[in-house]
Amino acid sequence: MRPEPNLDIAHLGHLELLTPKPEESLRFFVEVFGLTESGREGDSVYLRGWDDYEHHSLKLTASSQPGLGHIGLRARSQQALERRIEALRGSGYGIGWNEGDMGHGPAFVCQDPDGHKIELYYDTQWYVAPPELRPALKNQAQRFPARGISARRLDHLNCFAADIRANRLFVERYLGLRPTEQIVLDDGTEAAAWMSATNKSCDLAYTQDRSGAAGRLHHLAYALDSWEEVLRAADIYLENGVYIEVGPHKHAIQQTFFLYAYEPGGNRVKLANEGARLLLAPDWKPIIWTEEERKKGQAWGLKTTESFHTYGTPPIPPGSQKTDVVQPSWVVG
Amino acid sequence: MRPEPNLDIAHLGHLELLTPKPEESLRFFVEVFGLTESGREGDSVYLRGWDDYEHHSLKLTASSQPGLGHIGLRARSQQALERRIEALRGSGYGIGWNEGDMGHGPAFVCQDPDGHKIELYYDTQWYVAPPELRPALKNQAQRFPARGISARRLDHLNCFAADIRANRLFVERYLGLRPTEQIVLDDGTEAAAWMSATNKSCDLAYTQDRSGAAGRLHHLAYALDSWEEVLRAADIYLENGVYIEVGPHKHAIQQTFFLYAYEPGGNRVKLANEGARLLLAPDWKPIIWTEEERKKGQAWGLKTTESFHTYGTPPIPPGSQKTDVVQPSWVVG
Amino acid sequence: MRPEPNLDIAHLGHLELLTPKPEESLRFFVEVFGLTESGREGDSVYLRGWDDYEHHSLKLTASSQPGLGHIGLRARSQQALERRIEALRGSGYGIGWNEGDMGHGPAFVCQDPDGHKIELYYDTQWYVAPPELRPALKNQAQRFPARGISARRLDHLNCFAADIRANRLFVERYLGLRPTEQIVLDDGTEAAAWMSATNKSCDLAYTQDRSGAAGRLHHLAYALDSWEEVLRAADIYLENGVYIEVGPHKHAIQQTFFLYAYEPGGNRVKLANEGARLLLAPDWKPIIWTEEERKKGQAWGLKTTESFHTYGTPPIPPGSQKTDVVQPSWVVG
Amino acid sequence: MRPEPNLDIAHLGHLELLTPKPEESLRFFVEVFGLTESGREGDSVYLRGWDDYEHHSLKLTASSQPGLGHIGLRARSQQALERRIEALRGSGYGIGWNEGDMGHGPAFVCQDPDGHKIELYYDTQWYVAPPELRPALKNQAQRFPARGISARRLDHLNCFAADIRANRLFVERYLGLRPTEQIVLDDGTEAAAWMSATNKSCDLAYTQDRSGAAGRLHHLAYALDSWEEVLRAADIYLENGVYIEVGPHKHAIQQTFFLYAYEPGGNRVKLANEGARLLLAPDWKPIIWTEEERKKGQAWGLKTTESFHTYGTPPIPPGSQKTDVVQPSWVVG
């Protein structure tokens, strides 16, 4: 009998996003993206989608550079959290406990091999809507805003990383997320990995970063209810002068219907819908995409733009990028 | 610390549905519902949605009466399956192993307090599409049929039961599914329960059966990708003379966008979409609906028809129904 | 050869709606319905959908009672307008010129046999969006608001009338709109008529009013882009406490996907989508629905509520309604 | 007063499409596109969308080369048809009467300056569905097929032409269609024109052909009900190995949500949805797009592929194309 899967991480809980243009980014996330502010502290504003059950899913923090502050993963239980900490002991990836943050209790901090900071926590504050945001249906966290894109809930994030295999193995072995799809080059190098803690096809993904930088963000993603809402979001971006990098279109990988844009701080944000697609199999075998297969482009044939495969946050200063690198155009699915 | 949840059941795998009109039912499920036949044996035809990963999700069996043959729940692992069998030992609900069926290995059979037969199994056959049904994208089980409604995958089922609390506790304690929403009457009686093994809000539900009968089916449900697909399905039912009982409309409970109809054998079939709604919280607290709240009708105010609260399969012969029963109109969400 | 159709009326241009709760109605139309204010004068506020090309499509006027102020029909040309005035001469339905209104030039006023006031005009002011409402695409009148329901454009209105045949003939003979669908009772009485000046299936409809009152409004309708937008509008109504009378569902007549609600002033407002349905045939023969056919309910079987067939604005004071009238439930499609 | 518009042409009625692979093309249009065969004669098969009211909207004819056989425009009345013939007298564009075809009576044939053959007719045969295709709702021409893409109705066609201005003026002056949008280059050359006879934004369009050839087809278009149906069509193309050239995406021009593919015979076919967009203004002023504006790409930023601007049917034999031509990438909207 094969060993049982570790299900200790329940889901992606929140992200901290860094922005050099905090006011413009805030306006974007509230007015265009349709998130709701649920708190402020220091240089940070806490934001949430109307269907996020925790206090917040996005912590927006002013910074000199755009990029990822940290990733928050919620454990399935206090015991599960402790098992993960125990697993990390002596691995060299554990950093230690912090005091928690607005909306959740103390978290154990670790980092992946590429240096992305990950906070593991269980104790969290369920969102209670103030009267003016109280929903009509009691099984909903917050009233539907009907403002801008009205993004529903945090769905996943995608991190750039120099060594995909190392990061994939870290997440798999120490945290317990399972790879659902991967890109493996002809020479055996892993070029991308999508990892899941849930029945969703992706909570955390890695894409090969050939720039020589570390700890960068490729994109964060919020879920919408339908293909049509993603298309409407493109209209709303158009009307608001938001730069659309690629999409709307459908990825062959994960079959996600996507729309990528840049928020004012420079971070790439994605809107995504996968219809009713769920990975229910407890023994799902990762789908491996080859170079040949990736050359076909996205599901309906779209070729993505160059920037989609090289741009991340923080961006690489001109002149500092590794010069011998040619990023193939098929790496990100 | 509260005890950790039991996650041993991975998901609802398949159903056996009984029909007194096997040819008409088969035509309905293939031509109108858009399922694909994946096998035949004896009086049964095995059917599947294009996104079901196992051999089949519906076993359609000729019988003198419509109703439910059995429920197939797939365990998360062989070890998990054995833990469930161990838990059932001495409970009085366990029946014993069978030899398995087309598409999956031996299953352990038990029954819930209302007498619905449940098969627990782990060993399963992943569907491999024949050449003419091979999908364009390798992360998909089968080609999208574009025939009739093109139902995507089995989503959940709802069983009538005399004693909701007893059945809810059975499923919770012995199988490990968690209640996500419930109806509790003013006198404390539980009138309905929705139970989940996944991030979906429901894999198996119970609705109060006041007829005096046992082991009846309220409905089975397949998932579609969008609200619009559910509406289009109503058009397809209309063109095919299929009786629409109620919908399309949105349930307040679970916020499912639904369409209920009767297949030719008399069983109630549902098409459902919940947008991107998932229950990600590992410590989700069941939503309890009161009588007062249920009187508001469905989400947008629709009052369901009387039959929706009393009709199940097998149907009750005229004259045999308990006569002192008045089924309130708000019981089923 | 049959005589050529008269195409002198181009389309429904605007409506004047009366409301006893002007502030609440205004808030509803702007915040919930998503219209934009384009002017104010006296007791009136002028409103528009983002795709309406004229100055406004709704003139909201404070009044002691809800109801219809007037209907504005735009002629195809100045010559066409004059032909209509000439046709009305001596008919007893013409009233005379007025001085025009904000947004359009002088109009010729007439009334239908039931007393609804109709203004015919050609000279109009094309809407020019102020900078903050300027659209990204130059073939669009105004920026997409992404606020509330974001209603697109005025689509049609439906007037209650005591004598459908008389009103239908008036509109057909004097104005030139063509009947596209009708309900004719078994005794030959016309119970409803849908009239069109365009490729849409309806610009102006009449529904039998058995109350004894005259000049009442059944509903006004704005167009949305898709079935899904109509469903989302129902969610937005739910969150805003707006009373949903019936829907969303699909009419058998015209196959319109509809949602009926009451704005705070008491007037019935409809949101509608017909997919890509257009009546392109220049010699379209009206579809006649019989009593028998109407008993089937709406397209997917919904039975409409009683109020849908009797309530109009201004409402009938209790006690004053004709008491010998039983309104059959199938009259309005 | 400006002269009144000529409304003598009611709408685009049908097209004759030539194909060198008649069997494969027929299979595509029936099984993938979802049209229904309504007749056969000689080398032609007659096809229709489920919402086309006439006998057919597509005549598919075997030929050595792909391309356009003829365009069928239905006049608004017999008188209107005669006025158009009278207008064409002495113009050099009129050819003369033919005997009609399956589904319609005698037609007057003319050709535009680029040599596309246009048949004008009024007498037509309304489609009467055989029992197995009879719709549930009597206001619908034919049962919804629920097969493949289930294309709804013929929407428009786009012809390549060497001299856009000449063709636009021909259609405007002799036939009476109005230009709704145009591309005009910086040197004043017209590069594209969209013409309408209806409230749709386009019945017949012209795109500049710099190849030196004449009478070529750019694409034909069928209407679908929603953005989502266009996306689903892309999935169906993918599963059936149909070449997708560009899309799904939204045109800036006309705001059409589009999907372009090649049918097996080599002709470009488009699926289109414009939401509830209609041009209701009787005095609509054509939108003029400049070179600068067209460089922005499609509505959400997509750059179309080179072939989209040069490929038409019949295709240009290698070596015969004018060599001094560089087709700018922004010409087709």
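In this document, chain identifiers A, B, C and D correspond to the written order of the chains, with residue numbering beginning at 1 in each.
Definition applied: a residue touches a chain if its C-beta (ideal position, glycine included) is under 8 Å from a C-beta of that chain, and two chains touch if they have at least 3 such contacts.
No experiment lies behind these values; they were computed from the predicted model shown.
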So using the touch definition from the top, which pair is joined by more C-beta contacts, A-C or C-D?
C-D
Indicate the whole-number Å distance between the mean C-alpha point of chain A and the mean C-alpha point of chain C.
47
Distance from the mean Cα position of chain D to that of chain A, given in whole angstrom:
44
Which whole number of Å gives the spacing of the CA centres of chain C and chain D?
32
Spell out, as numbers or ranges, the residues of chain C touching 2 or more other chains.
137, 226-228, 235, 238, 299
Should the pattern of chain-chain touching be classed as line, ring, star, complete or other?
complete
Show me the residue ranges of chain D that touch chain B in the complex, using the header's touch definition.
135-137, 143-144, 146-149, 226, 228-229, 235-236, 238-239, 241
For chain C, which residues count as touching chain D in their complex?
1-2, 4-5, 7, 10-11, 51, 53, 74-80, 126, 137-140, 152-153, 155, 181, 198-200, 223-228, 252-255, 273-278, 280-283, 287, 289, 293, 299
Counting only contacts in the complex, chain A reaches chain D at residues 226-228, 231, 234-235, 237-238, 244, 247-250, 257, 299-301
